[in-house]
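Per-chain numbering from 1; labels A, B, C and D assigned in written order.
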Amino acid sequence: MKRILSWAAIAVGVVYFFLPLVGMLEFSLKMRRGEYSLDAYRSVMGDPQFQATFGYSVLMACLTIVFGVLVVVPTVFWVRLKLPRLRPFMEFITLLPLVIPPIVIVFGYIRLFNTSSWLPLTGSALGTDFLLMCGYAVLALPYMYRAVDTGLAAIDLRTLTEAAQSLGAGWITVLARVILPNVLVAVLSGAFLTFAIVIGEYVFAALLDRPAFGPYLVWAGGNKAYEPAALAVMTFALTWACMMLIQLATKFSKHTRMPH
Amino acid sequence: MKRILSWAAIAVGVVYFFLPLVGMLEFSLKMRRGEYSLDAYRSVMGDPQFQATFGYSVLMACLTIVFGVLVVVPTVFWVRLKLPRLRPFMEFITLLPLVIPPIVIVFGYIRLFNTSSWLPLTGSALGTDFLLMCGYAVLALPYMYRAVDTGLAAIDLRTLTEAAQSLGAGWITVLARVILPNVLVAVLSGAFLTFAIVIGEYVFAALLDRPAFGPYLVWAGGNKAYEPAALAVMTFALTWACMMLIQLATKFSKHTRMPH
Amino acid sequence: MAYLDLTALQKSFGANQVVKSFDLGVAKGEFVSLLGPSGCGKTTVLRMVAGFETPTVGAIKIDGQDVTHLRPNQRNIGMVFQAYALFPNLTVAQNVGFGLKIAGVSAAETAARVADMLALIGLPDMGARYPFQLSGGQQQRVALARALAPRPRVLLLDEPLSALDAKIRVSLRAEIRDIQRKLGITTIFVTHDQEEALSMSDRVVVMNGGRAEQVGAPFEIYNHPKTRFVAQFVGTLNTLDAIVIDPAGGEVTVQGQPLRLPQPIAALRGATVGLALRPEVVHLEADTAQISRGDFALPARIAAVQFLGAVIRVKAETAAGEISLDLFNRPDAPPPPLGAEVALRFRGQDVIVLA
Amino acid sequence: MAYLDLTALQKSFGANQVVKSFDLGVAKGEFVSLLGPSGCGKTTVLRMVAGFETPTVGAIKIDGQDVTHLRPNQRNIGMVFQAYALFPNLTVAQNVGFGLKIAGVSAAETAARVADMLALIGLPDMGARYPFQLSGGQQQRVALARALAPRPRVLLLDEPLSALDAKIRVSLRAEIRDIQRKLGITTIFVTHDQEEALSMSDRVVVMNGGRAEQVGAPFEIYNHPKTRFVAQFVGTLNTLDAIVIDPAGGEVTVQGQPLRLPQPIAALRGATVGLALRPEVVHLEADTAQISRGDFALPARIAAVQFLGAVIRVKAETAAGEISLDLFNRPDAPPPPLGAEVALRFRGQDVIVLA
């Protein structure tokens, strides 16, 4: 009885998530009257605005990932190895972007870097793009940090480093041959999560007035009928692909699969 | 040298986060010409729209927390105790809301529960509120799940349950006297996180057209000068208070502090 | 009829039969160990007694009452786990009093009983501490007190010493046994460590592949193993081949030397049988001239010497293979040097004939 | 001059002086153990030799070369850790070849050396496996092979057996010692387990509070401890009070009975001195009539009997306190029953006089 109940609970959860998606998928295929077709998708793909905003967001996502990885991985490695007392502080800092509303962050940026400030970033498109990327990096920080931190926690960082050193390895060899290969999966999963978050982000892009995919989605939602559903399905498919990549990356790393 | 470098990196991180806030705080105090004052705050607090939207969001946050706790805690307990093979599946499901853009989720809801659907929730204010709360619960699910799961992982669930049973405890006693007291802190930290996220959320509330605090923040940002800064500072103070409560809750539970 | 009675117990998980027809009667106040390698089913038997698993076939009776299908919280059984399993949010006193509180015992009575229990485990002043403030050994003693506080009918110990350091493990052995004797509580102890089982138990059940291979007192199990598995699992064993000369008279030859065993041998004349020798029954004679005629003595060469403290373990090479033997340390006589030529002496009555 | 030379080493962490003036010379090919309780500084000494810590004061020389301020990767030292520390992303063969690859050894030579090493540790066919596919004991053997592959000048073992099961721990002891002998590599072994230190080492350094209390062969350390700490930390010890009768002649009385020690006593006539007895030098006489005149014998009552297998540990109560003694199991003579009246016999030359 209890077993059935718990399975039922899980079924409810699945429905709760997937029903909206199925509904949207079905609707997105109904653009042509009376039959299912891919017309809505064709219409979306042909829209030059879609192409522009989507390309822009993908580029921003990639830049954010590179920026995030370069900042997070060495910092976490060093804090874990040499400044472990700073870890609670790091945890706290990286939790902030989750609890400070993005609206507040973006207002702060606008206030600080407006055209009359000492660093008028919002004055140029490129400056605003940079600001947007910084914002995205902040948004993604909790996930990137936790992913890398979990990855490094799974290996015995100090002992592996010392073992490699006693075998003649210098710092660069330690990082390149011992540490990186063992956290690559974690870094990848953090990167995919960052990608998914940036692609769907709305508040930052809208308030900084940049031509990103999120605002386009909302605009399309208000002005078109079937295309938004198609867009939503496509976005979902993309993020789903990201999820799958995370899972695959985890599976692929056979050496980290522990017995039992 | 390396030490200095790493401290410098941390300092940069702090500046990156706190400079926008400090700038905003300074600006928010400058409403009265030539001197610092709390005029902007007074103006905000007196705004009936602020009172209404903020109250609405606090209520929604509390409802979301209750809903989330009631769904998540028993599920996680049962899955850990009796269906451990389902855990990867649970991890996957609870990761979904992070990677599916909120826009897509809310479009799905609107599509599924619009006025011409089989369950026209968006037709009434109360129905839309319910939908909004469901959306918030989905948004908060990853954090609530992970908090509770980590809390349950920290205790030896199975053995503690069996120990209590062998001492004569039934299921209710096990849950009330053994399990709950030991995950309370985790549940609280998940709750505070949920609160912070709901208070600052924009996309759901805006697209479902409900009078929440997020849309009010954005509206004020576009239409007022000093008040948005004051609002941002207040929101930040609130979320900061949440963070502190999370930290305090962790500290308070002296029995879970391990000597290591 | 025994106080605790396990009759024809079987347990399968899916297609995997973990316990195959297990019978055991435990007398009131007896301390019985289930000893065996991992996967032998010993823990499953214990968990069936506790009620965490239901037997596929068979019955469990305590003091005449059939408890086979009672739930764990209805059996009045005390259990101590390998992982201590103290409730981290409760103090030591609250942990010990947990079972009493559930049983509805009054606060005053609970307090008195908790104080008694804490005195019994030698931690009378620790009541207000939290588990994380205790060492592993102290935590396990509190777990024992908690299990004993509600005066259970049977005490079950599931490898309670495995998580502890070597020194504490040894001292806690004696302490648990003392407490068990003092309270006279019927106890089942599960372990994979033969020294624990031998040193603590009234009787040992050696388990293998879901069955009991032998049940007996430690001295019996060690000196008169009934099966090859028991002989090899319990203690260290040297094996020698012998040729049967006179089966009825127990006469054999080892490397051409005659040796008389105290009992007849179930083998034909001329057959080869396996003899087993415990390391402590083999004596080392450094001066080969000292051996009198008629004694059985194998010439040997010292191959390894391990100084363990009180005991020195020597490995000697003989024509019949390597033989381990144990000597006591003697302050006036250092262990023999590597490569020394010696003689190994042993008596027919100390030999175990392997089936 | 010794091959590995530690001179006046000191190490402080902040105000905490962990190592206080430590001197040690290790001969080429010698196996030396650092034995002591946790916090005695043994691991810090090892880490200074490895280069993971820099001494506050003092010098470390290997083969005449001062390495005190060399970085760990410049010392050509092999190290094995308690936690195995195999690189999880590399196969066993890649792990073993890691140091050779860094040293720039050719692929062919590396492959040959790796094969040699895997044969040496008895895992010749495991090269293609990943660490997680091996048992703990196998992983630690691979870690040993990895440390040895680049032919280090010194091998450092940091409690390499602590994470392993009791049975594997014992068998790996002998294996490590064999490999060390075969390669003749100078080795420092850190452990808190006295049996490990005694059974494996050429010499043992007993450490306490950041200092070496005694350095000597295991037999020496065990039978002739120089300080009370060494006597009590290494092995089990019974203590008895004795009254000095004739300091120069080594005569004392224990419970009124005269006992002659082989050496003079550094105490005044009439003073009380502590005598220590190892459990294996005390003999138990069940038949008190058997004791001949002139033998020293204390009347006693059996208080506890622990059957450990080869050894039976008996606790006997005497007027001078409880005394533990070890007997070998004898298949034809069960251990004495609890409460039996016996006599304990020991000789003056087996007694340790405590300072």
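As a convention for this text, a residue touches a chain if its C-beta (ideal position, glycine included) is under 8 Å from a C-beta of that chain, and two chains touch if they have at least 3 such contacts.
Remember, predicted model here, so these are calculated numbers, not experimental data.
Q: Could you find the two chains linked by the most C-beta contact pairs?
A: A-B
Q: If you average the CA atoms of chain A and of chain D, how many Å lie between those two points?
A: Taking the mean C-alpha position of each chain, the two centres sit 54 Å apart.
Q: Taking the mean of the C-alpha atoms as each chain's centre, how many Å separate chain C from chain D?
A: Once rounded, the distance between the two centres reads 26 Å.
Q: Can you list every residue of chain A that touches 2 or more other chains, as numbers and ranges?
A: Touching at least two other chains: none.
Q: Could you pull out the residues of chain C that touch at least 2 other chains?
A: Not one residue in chain C touches at least two other chains.
Q: Counting only chain pairs that touch, give me the topology of the graph as line, ring, star, complete or other.
A: Ring.
Q: What's the complete list of touching chain pairs for this entry?
A: A-B, A-D, B-C, C-D
Q: Considering the complex alone, what residue numbers of chain B touch chain A?
A: Listed in rising order, the residues of chain B that touch chain A are 2-3, 6, 9-10, 13-14, 16-17, 19-21, 23-24, 27, 75, 78-79, 82-83, 86, 92-93, 95-96, 98-105, 107-109, 111-112, 134, 138, 143, 192-193, 196-197, 199-203, 207, 214, 217-218, 221, 228-229, 232, 235-236, 239-240, 242-243, 246-247.
Q: Within the complex, which stretch of chain A touches chain D?
A: Residues in contact with chain D: 155-156, 159-160, 162-170, 173, 177-178, 181-182, 253-259.
Q: Which of the residues in chain C come into contact with chain B in the complex?
A: 50-52, 71-79, 81, 83, 85-90, 98-99, 102-103, 130-133, 143, 146-147, 150, 156
Q: Considering the complex alone, what residue numbers of chain C touch chain D?
A: Residue list for chain C touching chain D: 166, 173-174, 193-195, 198-200, 218-219, 222-224, 234-236, 278-281, 304, 306-311, 313, 326, 328-332, 334-335, 349-350.
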